[in-house]
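Next come two complexes built around subunit A: one with subunit B, the other with subunit C.
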Partner chain A sequence: MSMLIGWLKERIPVSGDRLREMTNEPVPNHLRRWWFCLGGTPAYLFVVQVVTGILLAFYYQPSSRTAYESVRYITEEAAFGWYLRGVHKWAATLMIAAVILHQMRVYFTGAYRKPREINWMVGMCLLVCTLMTGFTGYSLVFEQLSYWGATVGANITENVPVFGTLMKRMLLGGDTYNANTLSRFFILHAAVLPVTIVLLLGVHITLIRLQGVTELEFEDQEPGEQKHFNFFPDHFLTELMIGLVLMILLSVLATALPAEMGPKADPMSTPEVIKPEWFFYVTFRWLKLFSETTAILSMGFIAFLMFIWPLVDGAIRKRWKGSEASVWVGLFAVIAIVGLTVWEAFVAH
Partner chain B sequence: MTLTTKKNLIAALGGLFLVSLVLVQWREVQRREHEAGRGEAAIPVPASSQACVDCHGKGTPGIVAHWTGSTHAEKGVGCVDCHQAEKGDADGFEHYGAHIATIVTPLDCSRCHKTEYEEFAHSHHAQGGKILASLDNFLAETVEGHRAPFNPHSPTPGMEVTQVNGMASAFSGCQQCHGSKVGFQSTDGGVITLDDLKPGPDGKPTVPEAVERIKKDGTGRPLFHASTWPNTGIGRLNLDGSKGSCSACHSRHDFSPRRARQPENCGKCHLGPDHPQEEIYNESKHGVAFRDLREKMNLDAKEWVLGKDYSAAPTCATCHMSGHMQNGGKVTHDPGERISWTNRPPISRRMDTDENHAIVTETDPAKRRALIKDTSEEKRTRMKQVCNHCHTPDYVNAFYQQYDDLVVLYNEKFAKPGQKIMDTILKQGLRTKTEFDEEIEWTWFYLWHHEGRRARHGASMMAPDYTHWHGMFEVAERFYIHLIPQAREIAHKATEGGKADAGKAVDAVIDEILARPEHKWFSEGAEGQMDQIRKAMEQRYGKPGGAP
Partner chain C sequence: MSEEVTPTTPPPADPSQDGPAPGCHAETPADPERRGFLGSLSSLAMAGGLAAGYGTFGCFAARYLYPAHAAATGWMFVCEVGRIAPGEALAYKLPDGAKVVIARQGSSGAAEDFVALSSVCPHLGCQVHWEGQNSRFFCPCHNGTFDPSGNPTGGPPKEPLPRYPLKVEDGLLFIEVPLEGLA
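Moving on, here comes the complex of A and B:
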C-alpha cells in the first residue's frame, strides 16, 4: 500500500497538507445556519441532473417520430425509468427554485457588492443557462403542451428587435418547428448548456475561493465568538445533510407524484390552453399584459438591469451613503414576480 | 450543532434515504407485476361484487379482466350494479345470494345513463328489430331458409342431424345486427317473448301465466331459447319491453368508449354489398386520414370532443354521434339527428321526422309542414357543424349540392321509373305478390337494395369508386340490360298468353319512360352524344398530341 502511495506521490506532487489546506478553507460563522447553504444546493441538484440525464439519454431518441414513444418507453417500460424521469423532473424544479432562492439571498444580503460584482454577473449567466436548460428539457418530451410551449417560446423570440428572426431560426433550426428542432433542443439541453454551466460554475466557485464568502454579522453574535469554522468536516457534513434531505425528497416526490405523459404533440391541433413550465409563468403573464414588442423590450431591459445591478447599486450608494434602495427594489421585484406567477397559475388565458 | 449531532443526523438521514429507495424498489416490483399481468387489480372491487369477482375470476377470468379495465370498474360500478334484478322481473333469479338477471337491457343501463337511453330509444338504431317482419326477413326465413324445421336432405357423416333449423340464417345473420326478439324456453316447448309477457312501463311482466311457463334449470335460472340468445343486435326486443342493446356498440364487459369511437366497431354491421359504409369510409379521405393518424386521435380522451381533444380525422362516431366544439361537446345516441336523406328505401326520402321521430311520408305541403317536428335541413345543419371544424362553409355547401344531385339523379332516372314498372307489372297481375319467386324481383332488389344504396352511400361519404363503378354503373346496367328486357319479356308473354291489355299497359309504361330525354340514348342511339362529349373534352384538354 505504501509503495502504491509513494508511486502516486511521485506522479501527483500534491502533499496531504497542501490538499488539506486547499479544501479546508475557513468558512464564515453565518454558514452554520443551513439556510445560508442554498448556494451548494443547485450545484448538488445539477450533479443529480447530470447523472439521471445520462441514464435517460440511453433511451431517449430525439426526433419528432420517436421522441414521445421513447419517453413513454422510459416512463412505462424501462426498469426504474419512471423513477429516473421523476427524479430528473423534480430535481429540475427544485434546482430552479434553489437558484432563485440563492440569488435572492445574495441580493438581500448585499453579497453582490464590491468586489463581487463580476461573480453576480456570472451567477446571472448561470440563471439564464438554468432556465434555458429547463425550457429545452421540457420540450424534449414532445407532448402537446411542451410542443406548443416551445412553439410559442420561439415565436416570442422572433419579436426581439433586429435579431429576433435570426434567434428564432437558430433555436428551431428553421422558420418553424421542423424535423431538426428536437435534435437541436437535445444537443442544447444535454451538451451545450450543461458544459456552459460547468464552466460558469468553475468561474463562480473560483471567484468565491479567491474573494472568500461574504461575511455577515448578526446581532446575537457574541463579541469574542470565533468568526470562522472549518470547511472539513464541519461544513461538509452540513452540505451532506442537505444532500441527503434532497435525495429523500426527490425519491418521495418521484414516487408519490411521478412524471406523467400528456397527449402526443400534434402540430395540427393547438390546445385550448397553452402553458409553459411554472418558472416561465412570470414572463408569460408579462407578455399578455403588453404588446409583444413592448413586453420583449421591457423584459430585456429588466434582465439587463438585473445583470448590471451591482454597478447601479454601487452608483446609488455612492450618491446616497447608506441607501437601502436595493432592499425596496428587491421587495418590489419579489412581490411582482410572485404576483404574476400566481396570476398566471390561476387563470386559463 | 456539534459534529457528533451532525454525524448522528446524517446517519438517520442516510437510513431514511435507504427507506425511500426501498419504496422506489417496491413501486418498480409492482409495475413489473402489473406489466406481467400478475399484479392485483388497481381498482377496488365493490363489496357487493367481491364474491362475483372471486368466483368468476377463476371460472370466466376474461369477463373479470375486461371489467377490471373498464371505466365502470374505476368508478366502482360492479357486477351486481348492472346485473341486479328486482322481484317480479321475468328474467330474475337467485344466484349465490344475489337476485340477478343475465341480460342487461338498455332499461337497466338507464338507471344511470338516462339521457343516453332516451336518445337511443328515439333513434333508428332502436327500431332495427322491426326488420323481423320485413322483406329482408322474408329472404332469410323463407327464401334462404324455412320458417319451420324440416327433414335433412341426406345424412351428415359424423353428425346426427335429425332436423334442419330453417331459421338459422335469420338467427345468425339478420338478427345478430338487427336484434332478436329475446325469448325463454317454454315448458310446453315453445318460446316466451315480450309478446307473451306484455311488460308494463316498469319492464315487469303483466301476464303471470306466461311467467309460470318459463322453463328453468335446477337452480331456478330461466333458460333462454338458443334461437334468440346470445344476441347483441342494435334493435334487440328485450323481455322488459326496451329496445336495443348498449353492448352492440359498447362491447361488454369493458364498455370501451375507445372502441365505440373507431370505425371498425360500426363495421360489424355497416358493411357488405347492400350498405358498405365501412368500405366507403375506408376509401374516403376521412378513412385514409384515420388510418394514417390513428395515434393522434386521442381515442382514450374522457370526452373526445372534436376540435378540442382531437382533429386528425373523423370516424363514424365523430360525424354521427360525438360532441364537437360547435355544439358544446354534446354527444347524441341518436345517429339520425345529423342525417338529411334516408337511402335505405328504393327511393331516397328526406329525413323530415314527426314527433315520434318517424319519417313523414305525407305529400300535401301544408299537412306535411304540420306533421314535421324536425326537418331534414335542421339535421343537415347539425352535420354541417361537424364538417365546419375542418372545411369552409362554401366547401361544405358545395359538397351537399353534389350529394343531393347524385341522390336526385338516382331517384329520378332509375328508382322512380323502376318502381313504376314493378308496380305496373304487379297491378296487371303479371307477377305474384310473393317476392323473390320471379327473376325480375331479384333484378329490382339488386338495383335498389345493393347497387342503388352503394351509389347513394358512396356519394354521402365521398367514395367516388363506390358512387360510380360499384354504384351508378351497376344500377344503369341492371336497369337497361336486365330490368327493361325482363319487363318487356313479361309484357310479351302476357300478350302471347292472352293478356294483351296487361302487356300493353306494361309496354306503355316502359315506352313512356324510355321516351324521356335521359333515356333516349338507349332507344334511339347516342352516336351524336359521344361526338359532343369528345368535342367538349377536346375543347377543355386539347386534341391528343396537339396544342390546345
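Moving on, here comes the complex of A and C:
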C-alpha cells in the first residue's frame, strides 16, 4: 500500500498537507443548522439527475414519432425503468425547490452583500439554467401537457425585444414545433445545460472557497463557543446524511407517486385544462393577467432586477445606512410568488 | 588518467571598443521602441488570427443551427367556388391533420368572399376550440376568446385569429397550407 502511495506521490506532486488545507475549509458553526445546508442539496440532486439521466438516455429516443413510445417503454417495460424515471422526475422537483429555498436563505440573511455580489449573480445564472433544464426535460416526454407547455414556452421567447424571433427559431428549429424540435430540446437538456451548470457550479464553489462562507451569529450562541468546525469529516458527514435522507425521500416519492404517462401529444388539440410544471405557475398566471408584451417585458425586468439586486441593495444601504428595505422587498416577492402559484394551482383557467 | 576538461568561455567583449566582439555577428543596438511596436503588432496579428479562426467556426456553427428554411407551404385545391353558397361553410382537412372551416361571406365569387380561420391562437400558439353555447372560440391556455369572425373579444390576445391565404383561379378555390406535419 505504501509502495502504491509512494508511486502515486511521485507522479502527482500534491502534498497531503496542501490537499488537507485546500479541502478542509473551516466551516462556520451556523452550518450545523440544516437549513444552512440547502446549497449542497441541489448540488447533490444534480448528481442524482446526471446519473439517472444517463440511464434514461439509454432507451429514450428524441423524435416526435418515437419519444412517447420510448418513455412508455422505460416506464412500463424496462426493468426498474419506472423507478429511475420517478427518481429523475422527483429529484428535478426537489432540486428546483432546494435552489429556490437556498436562494431565499441567502437573500434573507443578506449573504449576497459585498463582497459576494458576483456569486449571487452566478447563482442567478444557475437558477435560470435549472429552470430551463426543467422546462426542456418536461417537454421530452411528448405528452399533451408537455407538448403544449413547450409550444407556449417557445412562443414566449418570440416576444423578447430584438432577438425574440431568432431565439424562437433557434429553440424550435423552425417557425413552429416541428420534426427537429424534440432533438434540440434533448441536446439542450442532456448536454448544453448540464455542462453550463457544471461550469457555473465550479465558479460558484470557487468563489465560496475564496471568500469563505458568510459568518452569521445567533442570539442563542454561547460567548465562548468555538466559531468553526472542520469541513472534513464533520461537514462532509452532514452532507452524506442529507444525501441519504434525500435518497430515501426520492425512493418513497418515486414509489408512492410514480411518474405516469399522460395522453400522447396531439398538435391539433390543446387540452381543455392546461398547466405547466408547478415552478412555472407564477409566469403562467402572470401571462393571463397582462397582455403578452407587458407580461413578458415585466417578467424580464423582474428577473434583471433580481440579477442586479446586490448592487441595488448596496446603493440603498449606502444612501440609508443600515436600511433593511431588502427584507420588505423579499417578503413582498415571496408573498406574490406564493400567491400567484396557489392561485394558478387551484383554478382550472 | 583522465585529463581535466575546463569549460572555455569566449573573452568578454570590451565595452570600450566599438566593433563587434570576436566570434559574434554584427549587431546593431536594439531599438526598444521598434521592438515594442513589432511585439504589439505580432500580438495583434495573433489575436486577429485567433478571432478570425474561432469566429469563422462560430459563424459556421450558428448558421448550421439556424433553421434552413421557413416551413414549406403549398396551394391545395378546395372545391369549385359555386360549391359553397354565401352564408355557408365547408369543413376541410389539411395534410398535417388540422381541420379548417372555410366560410363564404360574399357573393362576388372572388377570394375575398371566403374566410378560412386558423385555429392557432395568436397569443402563444395554442389551439382554440369553438364553444357553441357561447358562440365564440376559446383558447384554454390563457383564456383568450374570439368572435365567430376570429376577432379578439377577451383575454390576453390582441390580434385576430390568423387566416389561411385563399385564391380563386378559373372558378376554383385554393388554400395555402403547410405541407409538413409534425410526425
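Please note the rule applied: the second predicted complex is superposed on the first by the 349 of 349 C-alpha atoms of A that agree within 3 Å, B and C clash if a C-alpha of one lies under 4 Å from a C-alpha of the other, contacts with A are read in each partner's own complex, and residues count from 1 in each chain.
FYI, a residue touches a chain if its C-beta (ideal position, glycine included) is under 8 Å from a C-beta of that chain, and two chains touch if they have at least 3 such contacts.
Keep in mind it's a predicted model, so treat the numbers as computed, not measured.
In the superposed model, A:Lys264 lies in contact with subunit B only, and not with subunit C. Residue contacts after overlaying the shared chain place A:Thr52 against neither subunit B nor subunit C.
Look at A:Thr341: by the touch rule set out above, it reaches neither subunit B nor subunit C. Shared-chain residue A:Val252: touches subunit B; no touch with subunit C.
A count of residues in subunit A touched by subunit B and by subunit C gives the higher number to C.
In the superposed model, A:Leu240 lies in contact with subunit B only, and not with subunit C.
In the superposition on chain A, A:Ser139 makes contact with neither subunit B nor subunit C. Using the contact criterion defined above for the overlaid structures, shared-chain residue A:Glu272 touches subunit B and also reaches subunit C. In the superposition on chain A, subunit A positions 268-269, 272 are in contact with subunit B in one complex as well as with subunit C in the other. Interface residues of subunit A facing subunit B in the complex, by the touch rule stated above, are 32, 77, 79-80, 82-83, 233-234, 237-238, 240-241, 244-245, 247-248, 251-252, 254-255, 263-264, 266, 268-269, 272.
Within the complex formed with subunit C, the subunit A residues making contact are 64-65, 148, 151-152, 154-156, 166, 169-170, 172-180, 267-274, 284, 287-288, 290-292, 295, 349. On the subunit B side of its complex with subunit A, the touching residues are 1, 3, 6-7, 9-10, 13-14, 16-17, 20-21, 23-24, 27-28, 31-32, 35, 295-296, 298, 301, 308, 310-312.
Residues of subunit C touching subunit A in their complex: 65-67, 70-71, 96-99, 123-129, 139-143, 155-158, 180-183.
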